[in-house]
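Right after this note come the structures.
The same subunit A turns up in both complexes below, where it pairs with subunit B and then with subunit C.
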Partner chain A sequence: MRRWLVGSGEFVIAIGAIVAVIIVVLTGLALLGHPPLTVLTTWFQGAAGSGTRFALSLQEAGPLLLTGLAAAVAFRGGVWNIGAEGQFLIGAVTMVAFGTVLLIPGPGWFSLPVALVLSTITGAAWALLATGLERWRGVPVVLSTILLNFIAIAVVGMLVQGPLHDPTTTAPQTALLPEHVRLPVLVDGTKLHLGVLVAALIAIALWLGLKRTTIGFEVQVVGLNPDAARLLGMPVGARQVLVMAVSGGLAGFAGAAQVAGVTGMLSGSPISYGYAGIAVAMLGRLHPLGILVAALFLGMLSTGASGLERRLAIPHDLGDVVQGLLVLAVLVAGGISARRALRPQAEGT
Partner chain B sequence: MNDALIVVIAAQAVTAAVPLVLAGIGETLAQRAGVLNVGIEGLLLTGCVAGFTGAALSGCAWSGLAAAIVVGALLAALFAWVTVVMRCDQIVAGMAINLLAVGGSGTAWLVAQGHGYAELSANAGFSRGIVPGLSDTAQAWLRDLPFIGPLVFDQYGLALATALIAATAWWVLTRTRIGVIIHALGDAPDACAANGIAVRRWRVGLVIFAGALAGAAGAYLSIMRTHGFSPLMTGGMGFVVLALVIFGRWHIGGLVAACLGFGVIDALQSHLQSRGLNAVIPYQVFQALPFIVALIALAVMRRGTSGPRLLGQAWPTER
Partner chain C sequence: MQSPFQRNDRTDGAHQRMISLNGISKRFGDLVALAEVSLTIAPGRVLGLLGENGAGKSTLMNILFGQLKPDAGSITSGGTALRLRSPAEALRHGLGMVHQHFALVPTLSVVDNVVLALQSSLGRIDRAAWSARLRQRADALRWDIDPTALVGSLAIGQQQRVEILKALLALDQAGSAQRTLILDEPTAVLTPQEVDELLPAVRALAADGVAVVYISHKLAEIARVCDEVSVLRRGRVVHRGPATETTERLTHLMVGSPVSQPSRQACPAPSTAPVRIAARDLTIRSDGRTVLHQVTVEVRAGEIVGVAGVEGNGQVPLVQAVLGLLSATSGSVTAPGKIAVIPDDRQREALVMPLSVAQNLALRRYREVPFSQSGWLSPAAWNVHARALMASSDVRAPSPDVAVATLSGGNQQKAVVARELDGDPAVIIAVNPTRGLDVGAAAAVLNRLIAARDRGAAVLLIHSDLDELLAISDRVVVLHNGRVSDSSWPVCDRAAISRLMLSGSPLEPRATGPLNVGAEATS
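After this line comes the complex of A and B, so read on.
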């Protein structure tokens, strides 16, 4: 019974935060002369007004789900990986490299998974650079992962305009991945690809892994209190390395899947799935299944926002504002509810 | 003599270091008091856009600077409320501030553009010349002084103010009772509380002050150095400031030295780029250089125990 209550509390926090932010944003837009009802209906039409639009929302939710899980795994394990942005890019560029230049021999059913796995590994390796710097030189992970994001942007930019550049164009972009290393499309007429389904399965696997396995339990104890974990004889360092590798790997896979499933190439345009992943993770209350729902919501938010931009000329940058507000609202709501939950105990002692 | 390469580069280094020092002082004070604000990148960006729109709308550079300071302080107040008063996680809240600033500055910029305020009018930006109100001949005389002319007087007005703020902050932190309190807020907040010091009120105040300084640093970038705004124009400078604060070991002197050293590297690389090195080396190397330098600096520095003991932890720890 109590477990159920805790679960529903988490749900109430997320919903409360969403409602609060929606009210704030609608009020703001109303002051700028956009009637709330028009905004809401236009947003919904953009996000889920038709099958194609909803497929687009699902397609957007895919990378958000993976970077959200990347952030959540790290935060659960007490590792401040803010570097999903860079790890995403490194994974994406690895996919492009193995799809267009360093060709993997063999048919698609072989080379595509191999390229995806290699991208996952490079994403993880990029993340582990931060762990290495922390272990050997005491550099705080929270800062090194952010700095590595900017270095990754430059590295990827250099590769896109250098060895991976598409020789048939002057635009800063890579060649298109050949058909056999693309992720298959699930619904004809859309770009909803297999990678999104895989992402959902990964979320379920992570949920079971955190909940049902010894390693998952240890990761959570290490995250909550590393000193206690050490006293209990848990391998704290090894678990932190594992958490970082999984987190970076998820972000790397997200980048690779986005390339192999949607864009087919990399260009100089910025991507911000990595930072958005933090918002997804917080909104999902760091719970893999919560994150599944949160990613879908933020995916719809993003496609709906492009509808708002097209029809009502509301800048899509507002989407970032909403994400920031959502994170703050979830934090504050979580803080209030935790305080409430503990109050009767405090009176008892 | 003022045309000598070393003087030119030193002067450029000072110009580049000013916003880093300004934002870094605030961050140092806040971190000394135990509050880690990774939203400083967002505060800088907000300062940029607020300074620019304030100056473009009013046609007055001073209003722009004031707007940047006020908006920076307000955003920092939101951060302080979430982290100090509501005791939520500082890192996540800081990243939320960054998201908020990216979206907010982008939106504000588009709105300003839409209303035809995409450029600054002639006197809406600050020009070089350190002392406001001084006659042109006097300014020119100061600027022509050997060595200190370019380094000190051929800078934007905020440079001198930054030097004064840095000196004051150093004096306050090392020589006054307030400095002892600020150190204690981050090292032993319980002891502060036991001595009747309102820990959270002090922390909120310092975070807001840091936000005001970051806002001013943002205005320096938009209405002094570049006379314009472009989305994401800070490009990660705030995160470099975080690294410099650590590299300076949370001391004002260390911070200023670190920022000046960083400014020299920045000036050298832009000089080398203009000398044609960018034909040989891809420009992305220069783009990544500040972050590589910051990372290397953090990796090679000797570990000490000089940092705030309870950095990033809410107080009181029990709910």
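After this line comes the complex of A and C, so read on.
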């Protein structure tokens, strides 16, 4: 069944957009005196020129994949969760709390998974606040999730400078997580951790879940046409709650995995994996496997951009610029193809 | 209404101003949408364009309105070739169109909608001037229109008047010597009395020198309003002649084969038959309004109970209450949990447009074996099921895998009916089940309902097409203003039912003007 998830035309859209953006960016850099071929090879060497560089790209792709999946699951279910950023932070701060202050007794193989699960739950709970506000007070999720992001940033900032503050420093940061609650590193010399592998497995599980289970089918129907779903007797409300919980949980897990696998602590510096996840989801056309590829691509874009900065003195912000252009291009291409589908055909009636 | 409207046979100078379509062809991939179609549209005359869904009517009109480019053929006006590359260009040549789906903003007033559509520059908005022009046009058609009324508060029939006036003002503005107005299925959403009010206005337009193209698949209207008729079938003009041809012959020409009109002897179920749906003294208040007032309706096994009424008189709350989506303020509703529903708006309420035909056909049964087993779907079974239903219900699609959105309206509706009537449900609710369908597809849907009734199903039929409603119902109740007529009416008493729909009383002739009736119908 070709149309089971998203039509194959979707991937043509994504790839066309990527090629178009690459051409535009290379042309721009050529005008600034950087030969396109040099830029491309330098970028590729930075992104995947060696095992270590590629592992770094994968490490960067991990949180993008999880927040991308978080956004995609919600969007597929028709729930406009723009709050992955806040849910990510809540998950991260939960991980720090259970790793440094509220210590979970027992060996690492026990306390690490427990802390990760608790972080997933707090991420989901933070997301469900928005669902609750919608259900009982009629607040649109698209608004409340954005606003809850700001609240999450404030709450985390308060915790980082308050109960979770590292007493050995004046910098606004938490203490480091002890070794036994860190995610195992897979490649020496990098911080590519087990969480990234888990994220890839989650992508495959979500793909199968959406494609092959009755619940996944219901989520799609509810997302595409809630009125019809209600008339057909589907549990619309329950599916929306499920989708929001999974979405928030994935973002929370992403935050916890980033702390337990890469940073080891939280500081006051801003992170934007939550918002980037929306970009990843759009680029992957809301398809779990498409998002897997999109996250890898954006991970490589990011590490490759730092290579460009080192070798060619092109600011690494270029990576963010390209990411933004990509999302715009994909949305424009998607809009064009949708409009083409709506053009008067053989018979309009 | 039996009197044929005054025909306008004035042809002086009309010849030079005729619009001709000569040998128009259009293909979409392998599909031949139009094959060498030729038509002539003359000022002062109403040309009926008759054809089933998919016959090419809309494609032809989209070409005439500059929205599609023909592959071959030409369009000439009084002998000079026209180049129509956009609706704006078509308008400059005096070609206006009123689409089946209105392009109105419900939260704006009538005059603001006109300004929005017609005032191109940023200059000052002269509402008074626009209102005056609007009134002048409306007066010529004997329409009473309030330019300050919010469009959303108007009945559908009045919204359509706004659309027609908008198109006329656009033609005035374009300043072309000749004016052609294309009406695309203008009565598809109208009530019978709104139709009765529209048709004289169409004649009045023709009398004023406008060339009118009247697209429809309703033969009775074509006979009442058109001077001549062209029948399109599969992209070809198969007939051209006076509009007075017999209905049977035109239907035959349009469909390509004889069609038996669904009708049957009305036969209310005996009082011993079990009651399947029962609303007793049902009152529902919603948003501070009483939308249903002590309504009592019973549907027994083996009968079709028709609910007649102008739209917006309580039909929607009645259906929602029976389906358990709306709770009663007082009174009671008893209905089984499992009801087959053919809803009013198939695209919004019944189908998931981006999903495949197979997925849509499985929407009722995806939780059952073999469609799924312990939570895991079995797509192969969906395909087998879909092919069987498509064959038995004549749903035409290239394969079960294509998106249901790519099907024609008639095939979409047949898919909904196939899914809902699959497994012989005991209780069926159908709301405007033939809306937007051509004769053949409508007959197929109505025959399915009759067949379901004959095998013992209880059918609640809510339908704005009174002729069809009376043709297949065993009993009829009339909803007016949230109240139901005392008891059921024999289906033969069409006049009494019409009066009940309008005034709530079977006896007294209506004293109020037609527009007041329209306003009452607003929900």
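Rule of thumb we're sticking to: the second predicted complex is superposed on the first by the 328 of 349 C-alpha atoms of A that agree within 3 Å, B and C clash if a C-alpha of one lies under 4 Å from a C-alpha of the other, contacts with A are read in each partner's own complex, and residues count from 1 in each chain.
The working rule: contacts are C-beta pairs under 8 Å (C-beta built on N, C-alpha and C of every residue); 3 or more make two chains touch, one makes a residue touch a chain.
Because the structure is a prediction, the values reported are computed rather than measured.
Once the two complexes are laid over each other on the shared chain, residue contacts for A:Arg212 go to subunit C alone; subunit B is not touched.
Contact comparison for subunit A: of subunit B and subunit C, B touches the greater number of residues.
By the document's definition of touching, neither partner reaches A:Leu289: not subunit B, not subunit C. Applying the stated contact rule after C-alpha superposition, one finds that A:Val117 touches neither subunit B nor subunit C. In the superposed model, A:Leu194 lies in contact with neither subunit B nor subunit C.
Shared-chain residue A:Gln220: touches subunit C; no touch with subunit B.
When the shared chain is aligned, subunit B comes close enough to touch A:Met158, but subunit C does not. With both structures placed on the common chain, the touch criterion links A:Val185 to neither subunit B nor subunit C. Legend: residue contacts after superposition of the two complexes on their common chain; A:Leu26 is shown touching neither subunit B nor subunit C. Applying the stated contact rule after C-alpha superposition, one finds that A:Leu231 touches subunit C and leaves subunit B untouched.
Comparing the two interfaces of subunit A, the one with subunit B and the one with subunit C have residues 346 in common.
Looking at the complex, you find that subunit C touches subunit A at residues 28, 31, 33, 53-59, 62, 67-68, 100, 185, 323, 325, 341, 343, 348-356, 358-359, 363-364, 366-367, 372, 375-377, 379, 383, 401-403, 405, 408-409, 436. The part of subunit A that touches subunit B in the complex is made up of residues 75, 80, 82, 133, 137-140, 142-144, 146-151, 153-155, 157-158, 161-162, 270, 275-276, 278-279, 282, 315, 317-325, 327-328, 331-332, 334-336, 338-339, 342, 346.
Residues 1-4, 7, 211-215, 217, 220-221, 224-225, 227-228, 230-232, 341, 344-349 of subunit A touch subunit C in their complex.
Looking at the complex, you find that subunit B touches subunit A at residues 38, 78, 82, 86-89, 91-93, 95-104, 106-107, 110-111, 231-232, 235-236, 239-240, 242-243, 246, 282, 284-285, 287-288, 290-292, 294-295, 298-300, 303, 319.
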